[in-house]
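Before anything else, here's the structure in question.
Labels for the chains are A, B, C and D, by order of writing; each one numbers its residues from 1.
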Amino acid sequence: MTIKVTIWNEGRHEQLHEEVQKIYPDRIDGAIAAGLADPDFEIRRGTLDDPDEGLPDSLLEDTDVLLWWGHMAHDEVSDGLIDRVQQRVLKGMGLVVLHSGHHSKLFRRLMGTNANLSWREMPEGDLERVWVINPSHPIAEGLPPFFEIEASEMYGEPFDIPAPDEIVFLSWYSGGEVFRSGCTFQRGRGKIFYFSPGHETFPIYHNPLVHKVIGNGIRWVKQPHTDGRILANWHRAEPIHKRPD
Amino acid sequence: MTIKVTIWNEGRHEQLHEEVQKIYPDRIDGAIAAGLADPDFEIRRGTLDDPDEGLPDSLLEDTDVLLWWGHMAHDEVSDGLIDRVQQRVLKGMGLVVLHSGHHSKLFRRLMGTNANLSWREMPEGDLERVWVINPSHPIAEGLPPFFEIEASEMYGEPFDIPAPDEIVFLSWYSGGEVFRSGCTFQRGRGKIFYFSPGHETFPIYHNPLVHKVIGNGIRWVKQPHTDGRILANWHRAEPIHKRPD
Amino acid sequence: MTIKVTIWNEGRHEQLHEEVQKIYPDRIDGAIAAGLADPDFEIRRGTLDDPDEGLPDSLLEDTDVLLWWGHMAHDEVSDGLIDRVQQRVLKGMGLVVLHSGHHSKLFRRLMGTNANLSWREMPEGDLERVWVINPSHPIAEGLPPFFEIEASEMYGEPFDIPAPDEIVFLSWYSGGEVFRSGCTFQRGRGKIFYFSPGHETFPIYHNPLVHKVIGNGIRWVKQPHTDGRILANWHRAEPIHKRPD
Amino acid sequence: MTIKVTIWNEGRHEQLHEEVQKIYPDRIDGAIAAGLADPDFEIRRGTLDDPDEGLPDSLLEDTDVLLWWGHMAHDEVSDGLIDRVQQRVLKGMGLVVLHSGHHSKLFRRLMGTNANLSWREMPEGDLERVWVINPSHPIAEGLPPFFEIEASEMYGEPFDIPAPDEIVFLSWYSGGEVFRSGCTFQRGRGKIFYFSPGHETFPIYHNPLVHKVIGNGIRWVKQPHTDGRILANWHRAEPIHKRPD
């Protein structure tokens, strides 16, 4: 079964920073798309500077799973787009939020919190070990007990999110921190997967194990069925009988 | 220890509908305040039509626990007030959301969903049985295994909320529905309790067991300690050591 | 992909009680097997009075998903069998526990509680409405918003189980009770689904919607992958580097 | 309000190993008792080699909160004692399980899993950083964002437990692992706190921050009310009315 995947990438670092262009000549969304090459995925791409902020209704309504990468321009995304994406998630569209997308309007909206975290500047990056703590979870399919990212941006606890429905990955950093780096959430009928590795100045989206995680995440957030039973704003119900006498 | 409780009530039905005035001559917030009479609670009241929408900063910042009742004027509450209340909850203020407050901007903001539910119009109300399903939870302290509300507005499943951290009450309706009528959530450092019984045309807020539940809820959402360790937007961390060679 | 399903049924009521024989001439496991007719399922059956208590190692080790129905003879099941089944669940075998199986040694072992509940004798049964509260859950696939069982045995709250990972169904009874009638749990690598409707004196296992739920449950508890990474009693790990100086 | 705390310690290493005697001349339970010195706590101590395995009924029934430390003699604890302690937890006694107690019959019984984990032998120990990931949780009261244990035994993921109700602490090890080192669970009416630091060959139970955590844990698992509404094996309920015609 084909899954219609739309990769939304803010796309600004690639325009502004030469070092990012070198690592991601086809942008971050291009690297992810290349890594996901799979006949099961029909991939479309959009960026903030495309028409309709990269997500016209026609595309959004035709998307089974949306990937979201943003960082420096969170505030430029219109509230109207956030409203539309949120409502589509609530109706069952899958969502994979990547790295600094934790601070996007979209993720904050779906979490109800600020989604803050600890952070450390380290131009050369830090060694991150991603541990699988729920080895039978479909998102961990095919992964070793842990894998390493040689140069990663440290994202540490406390991570200000509601208690996740499931924690799949916990990360360890050489510098002394830990992080819930792979978490799942359900909002309405929509499944959400947050995965933290993925900074723009490191070649993380060229890592085959990161591709594996994202591909597994796409398959997992894709609802196995959508049968149109979407809740109206109010559902009126009739009582089956009068009050007992 | 005194808990500073602010009861925020939209307060419109009491102005507009004679039947509500008869049941709640001192408004819904007045009935709740009377029912909470307890030296532990220092109670303040505000309504949407008061200055600063009833919640000036000076009051909000001095509130340990906020109660929220709204219904017909959700959209008139300013986004600025919702922003301020949300941020105060994230910093640790307790919140008790009552009845139709499920559809308030505030609750939707904190849940990330539309918080829709099933609903049935029945002018005379329906018999609701509120079952305690977690009898050792502090919010259930002093309650019988179940209690009944003779005339209640039916709120039924599916209730479009994220999985609650805890379910304390499940309700049964004579007309054939069930509902997760008492749920807890944590957002940031703030604890939230949602309790569904409480329609404006029924004298539910004169019921001593409802007062008991709300009082227990206030004690439970009140954080036992607040030591000022509030997360900044970004917390900068220093590594304890260099990467291993 | 074929799923190897073993239906284990205590099988005593069918030997002892004429009314049960009339309703289930091929036993409860036979009625369930008939209802599950699907080329995806390879079904095997066993009862307590079969050799090896109906679950020889050769069968258990060849089972992807086990269904468990027991009632009057919970205590006659050997601890050795419970040990073996528990360990197989922890390694990834799916488990569907039905009705009075809530009080089986197996379910209590996996829950860590007594799994008590409220109960009401009512020879003619009570009307049960099974509400879907998580409509996008795979176990709810193809179901209406609720369905009814004309004559059911009342199982009510409080149900003494750990907080389920997910609640799929809530039941309403005409007599005034509610129940978490469809719950999921993970233990080790194994997924567990508990579904309460199913008394031996009512023809519930001839109900096509009950078959639908059980079939969905089987597909859901079946692990999508099992790659042999089973934890030994202790896993010895080597440090990647010495303590920082 | 005085909390009656019983510290149960297997007590074998202290008899057999000189290095342990040196670190804990008054045994592990003695070090914990000394660290808990607080007028709120009435502390009693018991070991496996005391009469009635250190927990006669008279003591168990008079205990509000039980601490459990065991390691080399898990299998020598009688099943009868485990039965009695489990039932008392289900009725509301608080339980704090320490370090290698994760592999005790008692903890496995309450979890339903084997509670295996990764582990590394390192005679000099490893540096452990205990991170607070839920800073407003009562068990984290008064703690810094993280604290360090200079020499600790590594306990790593995957930790084979059911999803905890809450995670309070995550640990980082210099050697490259992470661990859910502070977790809470509810079973029946009983609250459970597991805390992993605490090996017998390191002076961890002389650490004031470890005392602080254990003291906070005791206060948290102590039920705020116990009003005797304990579920019988079966609770018989009467319907409120006949089926609707």
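The rule we apply is simple: a contact is a pair of C-beta atoms (placed from the backbone, for glycine too) under 8 Å apart; a residue touches a chain by one contact, two chains touch by 3 or more.
If you want to know which protein each chain is, UniProt gives these names: A, B, C, D = Trehalose utilization protein.
All figures in this text were calculated on a predicted structure; none of them were measured in a lab.
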Partner chains that chain A (Trehalose utilization protein) and chain B (Trehalose utilization protein) have in common: C, D
Chain pair, B-D or B-C, that carries the greater number of C-beta contacts: B-C
Centroid distance [mean C-alpha coordinates] between chain D (Trehalose utilization protein) and chain B (Trehalose utilization protein), Å: 34
Distance between the centres, which are taken as Cα means, of chain C (Trehalose utilization protein) and chain B (Trehalose utilization protein), whole angstrom: 37
Set of chain C (Trehalose utilization protein) residues in contact with two or more other chains: 135, 145, 156, 158, 163, 165, 173, 176-177, 240-242, 244
Arrangement of touching chains [line / ring / star / complete / other]: complete
In the complex, chain B (Trehalose utilization protein) residues that touch chain D (Trehalose utilization protein): 92, 135-136, 138, 141-142, 145, 165, 186, 189, 223-227, 229
List of chain D (Trehalose utilization protein) residues in touch with chain A (Trehalose utilization protein) within their complex: 129, 131-135, 145, 156-159, 163, 166, 170-173, 176-178, 180, 240-242, 244
Residue ranges of chain A (Trehalose utilization protein) in contact with chain B (Trehalose utilization protein) within the complex: 86-87, 90, 109-114, 116-122, 126-127, 154, 156, 158, 160, 162-163, 165, 173-177, 185-188, 231-241, 243-244
